[in-house]
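What follows is a structure written as structure tokens; I'll ask about it next.
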């Protein structure tokens, strides 16, 4: 398991009607490494994340996540992937604590884990307020707690630091940062920060792979070119 | 390849329809109570039977679609339901005419076939709006199949319930006073069922061939002129793009 | 571990309870469905009073008024059933959990069943007071059994149609036009079963065939919905 790559995509594509949202994605991410995905809106970043999260089935190619082939063995991947999506994936009328406890039950975890995360992210004072009353930044912290609740070996992060002030970003760093030790896939619009954080970079444009390589070999100009 | 056998099937259908027409008009005996108009029975009942069978068949096709993930089955299920809906309307209209002729009312609530026919029509009439409200063709196919399976099981159950709730005071097709259909009527009736079945199958095959051809032309145009030169597809209740390789399961 | 073994490991009961608890908690925190359904039912009784121009109804008329009202009220609940999941993408979080996805169907069906039962606890007495002529007591046990079977039919069909409609463009239209025809057989059986219970000198128990028909309906659509529900969730 340790030497097997965490993610291995070969020619993965996904159609919406006649339009290819993602075409011919071929990436290998070693376990513990970080992949950053750049690309303008609609380039296929979210589609790729959703394929990795087992929420979308690929139409072409072969995909294997955490050593399990998708979609045939997708049930074996579920529960091992944490997704921090654009939406918070929380119930608005429930409190942070209730949301986390609910997800803990779905993942067959005890309630201590929820408390521990609430404390780590300094959410305890607001833990019993409905999440719809929380600010965007606080909401994002709850969403991070939900994404890492079951201690997943693979994290999928869709612009994780949006809406976070630097202090809050530092707070969640141990959970979703490099020191968390998880394999990570991050989408980003920030060439400098994105390249600094990752080992591998993937650039998407109109669903196709326009850029791929170790971050040490890619300069910010190449990333910026994707958006032009 | 979808056009294969269409010519032979067309000829067979024409022969069967003409034979049915000739038999019904010139050979089948006039009903003692109801006179000539009773002969609409040879249209109404076969159409009704074919419609109900078609709905169940569409449900089976839909099940195949979910099992294999192949959009071919979605196309078949869609076309069968589409044509069955048209047959359903014909069945309702001829049923109403028959009711008017036999009992003096355009609609009778104690004729279970007619009533369950109306209910089934109301259910299947929502099939197209349901499809139309889903844009992603893959999801449209899956959701439509789920609907077709549920509705296919609904058809016999609904018939049972309506039948149970109806007091049988009117003469029934196979249960007339002298117990069952006379031999000549039965023969004409069977010929008519075969003809209607052929007609149904023929229209289904034509529509499948037409849809497949349209898709092939579109795919060719996209390949020759480029993806952007061909106008994007609008929303549609019909399956819109050519069935492709089924996604691996 | 083989696929079957893993599947067996993922028993649907635990996640079903977790999902159900969450739905009940949500309805308690932000009561939406139940109050709306209760209000709707009582308003409909008042409308029937004026629409029919009658102070009292009994027998099959009473059964029709009561059951059609419950059916329409159920539509409101079905429409709301997956809204909490749909908003904020809660669906995705549930779909990524290592659970048998039919747990979602079981939980939503049970939630709807409980909602309907609660609504009826208020709406049926209100009906008896406002509209029903004869005393309801003699047929009450049979009425409870019949309504329980009706609720079962409403919740299995309702949970399926709700999941079907939630990711379409016109959920509020799709839900009633698909659900109502689907429920006709259940309504036929239920109305026939309730008619003598609500009549002045009617029987205390309906003919067994109507309850059997309802039971058959529950069984067929319950199992079918359970079997096809998964396909509504995979993309």
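Should a chain be cited, it is by its letter among A, B and C, assigned in written order, with residues numbered from 1 in that chain.
Keep this in mind: contacts are C-beta pairs under 8 Å (C-beta built on N, C-alpha and C of every residue); 3 or more make two chains touch, one makes a residue touch a chain.
None of the values given here were measured: they were computed from a predicted structure.
With centres computed from Cα atoms alone, the innermost chain of the structure is C.
Ranking all chains by how far their C-alpha centres lie from the centre of chain B, first place goes to A. Between B-C and A-B, more C-beta contact pairs join the chains of B-C. One inter-chain figure worth recording: chain A and chain C are separated by 38 Å, centre to centre, where each centre is the mean of the chain's CA atoms.
The distance from the centre of chain B to the centre of chain C, each centre being the mean of the chain's C-alpha atoms, comes to 31 Å. Each chain gets one centre point, the mean of its Cα atoms, and the points for chain A and chain B are 48 Å apart. Within chain A, the positions touching two or more other chains are listed as 57, 71. Listed for chain B are residues 135, 138, each touching two or more other chains. Each of the following residues of chain C touches two or more other chains: 234-235. Those residues of chain B that touch chain C in the complex are listed here as 66, 119, 122-123, 126, 129-130, 133-135, 138-139, 142-143, 145-147, 149-151, 153-154, 157-158, 160-162, 164-165.
Those residues of chain B that touch chain A in the complex are listed here as 135-138, 222, 227, 232-233, 240-241, 244-245, 247-249. If you check the complex, the residues on chain C that touch chain A are 3, 6-7, 10, 14-15, 17-19, 21-22, 25-26, 29-30, 84, 87-90, 92-99, 234-235.
In the complex of the two chains, the chain C residues touching chain B come out as 160, 164, 167-170, 173-174, 177-178, 181-182, 184-185, 188-189, 192, 209, 213, 216-217, 220-221, 224-225, 228, 231-232, 234-235. Per the touch definition, chain A reaches chain B in the complex via residues 15-18, 57-60, 62, 71-72.
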